[in-house]
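Input: structures, listed below.
There are two complexes below, and they share chain A, which is joined by chain B in the first and by chain C in the second.
Moving on to the complex of A and B:
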């Protein structure tokens, strides 16, 4: 048994880069085809982009290639020979490596330790002097360096991503699969990392298959592109011959998207007023540092920043999930402490990130989740205490129809709905009555195009009706599209502010990185 | 053929969401109890006892005769009430195991109230005892709730430790300040007086406590599932972050729910004194509080389901004597069975969502 497995692997890792071809890949989960007869061909010495919405099958495809999933059908050709890849170890032996969207480094260890520990086989006792010498010699051949003796927890996100890539190169991988490699980087860091990889590809040392949803990166760095939609190949071609519009159409298909209303109306008086707000994170460190910000009626203020710079804690304070250490929040001139009566009186609404975790009770029904804001007032509560279940159901029926929430029935547990439909339900609950203050935190994260378009249209609509909107997003494109005014948050403080019309992408990026 | 198609449709699609989840919470605990009974059958088999004979005897001892029904229901009464002490805070996601302590404090304070009012009309005495018992139990558990909300102390640990403290206070008082000098072998308080006992339900031979239990469970059920308060609590219990986002007063909910749970266990203590013991002594800490935890978990924390489950557990307790007499098993054998049931029920928690028949298809 052992011999057979070993014979199936090449004796040594390849020393040259190579292409890869997936033919008729199909992966079914029960009745559902996550991947349906998809073929892609990655030529050696190129960067190939894999575009698609969430749930289009991009991750499934690369997981089938890497051996995490056993495909229902299809073949993988590595270089010139067909290979059976039963598990990631087989893929590694063939010289295939993968860099994940989220870091797989141990934060408490140094870069050296992380790089060495990634090897498949480790000696019982380490000769660290020798390891370090070998690593230095390796780094001399690389286009970028990382601080070998620093702890991973002490280096920036950009450096961590470089470590992840160096780790793959150190392990002699000649074909890299990158899963949204720039999602945690500033635009400058993304350009730097991708630029260096581009250099190695052009030099013929590497071939890359990159999952992304950023057209900018596809246009700037990729040679060819394959586009997936609902598990099928929806388009492919050379990047030079394609326009962003054509790629977007292939990604979305003929689906009807909600049209965002045009920006309308003038700004009113300051409605949401944050004064010197300071808050700690769970570890007791200062996460929000003396933030002062006013949002006017009819205005969307977008807070940009690399995630982890205090945006989450800021939203949690405003949402009532976290106590502040200092400072004050006022709405329409009145002190606001996130109490239920204040929220009702001030028409305060919230679209949080991860709505299932932050705004819903997974094991309660859609109908119940839809009335969280008003179950204690008429007509839902008779005499102030008795629940009128009939009213719950009527309300749910109305909202499910109006917001197009796809659910089997109003009694279905909300935890069984897809992410987009959970967010639609929260949208229905939070935005269907008049809104005067809206906090939206990464409201579109992980959702499909149709849901994203609908949510952005609703936010714009709320703004046009005079709501003060605070939009916190790690997606810079979302902020650029929606915001009237952009501020950048770094290390808990607001470090940059500009009207959206005059926003300078370079300046925003520099401030996101803390320069 | 038609039948086959229909039954498949019922298994897969046509079951309504609510019906499917109700069926799941009934079927899985039943499976767990059956598994526990099989395991216990094996256990007694080791001692050379025929399991079939054992369960026949247990059934006779619990539900076989009028007398055994009386015994069972008498035991079920405090179990329903102490179960609510776990089931009510459980709506908020708390695991309170302080029923024993609340029962003891309730019984002790009820006795004190009864003794203080000795000579007043029985109705007044009984009412005062009930109020004192409920208040004592309520504040006892609310204290644990306050520790949790204001100081972040785990409520399971604090209520466990409060049990020991309550029992120690009981022993301290019945052997000291409240001791009736005439009680020699078993230190006890003075009697609350025969005229102040709450007596039996006519024709049933079971004391009124069972009615208290059933009414309390009904009220608790209505409170949890049909009122604004219960709905708020279920939101907070289901997802604290969501409760905060919609501005619910989480601290108030925790304290109130803990107080109500404690009230219920405190009432159980009052009933034990005023319907069974007549005076407070070490018998008060007979383990009803602990068995109540088992009842609540077996009932999936549903107040209404606590009633039948308490009767079942009461019956198992009632059959202990018969097992001892007929099969020569130690009286504590039924505690082994209770323990096995508890483990089986806790372990069965991992089965939820695993049976396809109960799952409605995701959209």
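Moving on to the complex of A and C:
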């Protein structure tokens, strides 16, 4: 047992790294226990991984530690003393720092401004030349550099993540909590950043608690792991003594997962044909640059790439949300301009990213959202304008049962559903009738294992039934699992192509980073 | 020495230039104020009301006290108070700043008309101008070179604001609130308080602009004093891409456009006087059409602004 002393005010930030212990942490939101009696111990000078599905309580745990949430019960021991952390400022004063999954940098400002801004005390007037010199001197001592004068909006996701970490180091934090630090990085960038942090940990300068869902990174970089499931501690141990299988079982528990059907059938003729497509982003810059790609019937083509390389704009053009500047799209030899009629005729289906925003009207009911593609046809509409509400509800009831959508009723607003169930509803609408062309963009982003397994099984099933599938994903593992052919998108252009069977992870990663 | 008649058509550009300097001053102050407010992440559409209200108060205080400078100060403080009202209401949860701004615009105008009734007849002391045209005998040029101190203040203020936004703590924190309220909160700043200060400062500057209307040009108080300068200046901030220095140039451009009608009249081109009077608004529309596109977001727009969100 650690000797515990209670201090009223935290002392100044320590100059050495330290361990951290959370004992019996509990956090209730009303009746729901997001975190139920969880204890973890992070030894000083180690990397401790926190594994778990979405909603397992990982973020709740670290937010309780950092003082964003007031825990319902439990204690935090920093170093050797129990501490009361009422808000993030208290945590910062103790030398704790957190890097969030979403970036906290201000995009319209330069890297220098962002780093300076993070300091606790700011001078009334800045001498930017002096600030820059001081930052350069700081960067010389750091394992990686960032372009100080660039605007954050102009640097890559990898560089932004480095900035976030550098910001914490600049503030002399000795214990870092990283929330999915590599979710926007290429495998090489992830290895680079984690490798450098690992170096600092081994040198005894830093201790890290890292939230992740990537076993590869846990195995390569973490010393110990704690696994959460549904708010409870489901397993822990030294990484060396655990296998990925054991960790996965602890994460998922006894839940039944949908089995993806085996890959079957031969490729047909080119079904979706994109020729020289060019499109601009919201800032008027070229986002999709002369993309030419054909997807055959019965084939899944996976577009890999770090998000922000034009994938979103490409999907938006195919979805009819954005005009193209040049080029043409054809489906089965016929010109395709993303009109509603064409989508119906060509059996075109779409699983866009952020489905609640891009594929649903959040304030309309599940039933209404389920019939967007055909609400103005018989039997849902009479004489082309009179809507038959009874038919809406019948159709919805069938699909809710068939796809296991968890909703209170067919009349519930779709915005009230969980992410996984919103995606199930979109899946039900887009895939229940015959599909000939399917565009899926990050279809499993942020979903739990059960939903991921179901969605991937449905996509594979559509492929086996002869659909041409274009899968755009920032999750390389997803592409490697599903795709027959892999292309890499970088700065709006397709820069690499290989059949999945011959795909080389190193080459893919290199092209994702533009080398 | 040339006499006036030999100037010929040169009268027009000289008059436009002089008019630009005169007419642009309220544009300049309102747009600089609005620029600050918007950089903090909030839009104050009420500045038209602020402009009219502070013009009335400035005129009244000058009339009562005999000092136009006291009038300017009173006008500026009136603007700051109206700015504070806007900021406090918008700081409440689920309040839309655009709706509050429109309400405050109507409120300010209405209140100014109501309270200003007795001020229409009397003559208050107005602001002096500095005579930069002492060296010329051409009356038109001499006239154009009489420049009010407030304009010079505005000329200095624009680059000072550019510097302050870049190199002071106040500016950096204000921009953070405008670009990412989350980031500002995470740093422990109260976004509402930052925006309160920015909106008050914006109202203060707009108030100075209002005092210029009643205390220099046209230099009296009546209900037709402002012809939408306050609202035009808000549009001008968008045109100027939220940059104080560009606000200055844009104000001059709009001032020049507004001076076009009177200038043409002075050379006996009287047809279409009201058409030329509409020049600033036609210019506003034209600029908006040319520079805005449904396919692009505006460059430089603060990310927290409710119109760009």
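By our rule, the second predicted complex is superposed on the first by the 484 of 515 C-alpha atoms of A that agree within 3 Å, B and C clash if a C-alpha of one lies under 4 Å from a C-alpha of the other, contacts with A are read in each partner's own complex, and residues count from 1 in each chain.
One rule holds in what follows: a residue touches a chain if its C-beta (ideal position, glycine included) is under 8 Å from a C-beta of that chain, and two chains touch if they have at least 3 such contacts.
As the structure is a prediction and not an experimental result, all values here were calculated from the model.
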item: First (chain B), second (chain C), both or neither touched by A:262; value: neither
item: Touching partner for A:381 - first (chain B), second (chain C), both, neither; value: first
item: Which of chain B and chain C A:372 touches, first, second, both or neither; value: first
item: Touching partner for A:319 - first (chain B), second (chain C), both, neither; value: first
item: Residue contacts with chain A in the superposition, chain B compared against chain C; value: B
item: Chain B versus chain C as contact partner of A:284, first or second or both or neither; value: second
item: Chain B versus chain C as contact partner of A:107, first or second or both or neither; value: second
item: First (chain B), second (chain C), both or neither touched by A:128; value: second
item: Interfacial residue positions of chain B with respect to chain A in the complex; value: 16-18, 21, 226-229, 231-232, 234-235, 238-239, 241-242, 244-249, 360-363
item: Interfacial residue positions of chain C with respect to chain A in the complex; value: 166-170, 172-173, 175-176, 179-180, 182-183, 186-188, 293, 295-297, 299-300, 302-303
item: Partner chain C, residues of chain A touching it in the complex; value: 88-89, 104-109, 113, 116-118, 122-126, 128, 280, 282-284, 322-323
item: Residue ranges of chain A touching chain B (in the complex, touch as defined); value: 319-321, 338-344, 350, 352, 357-365, 368, 372-373, 375-376, 381, 384-387, 406-409, 411-413, 416-418, 421
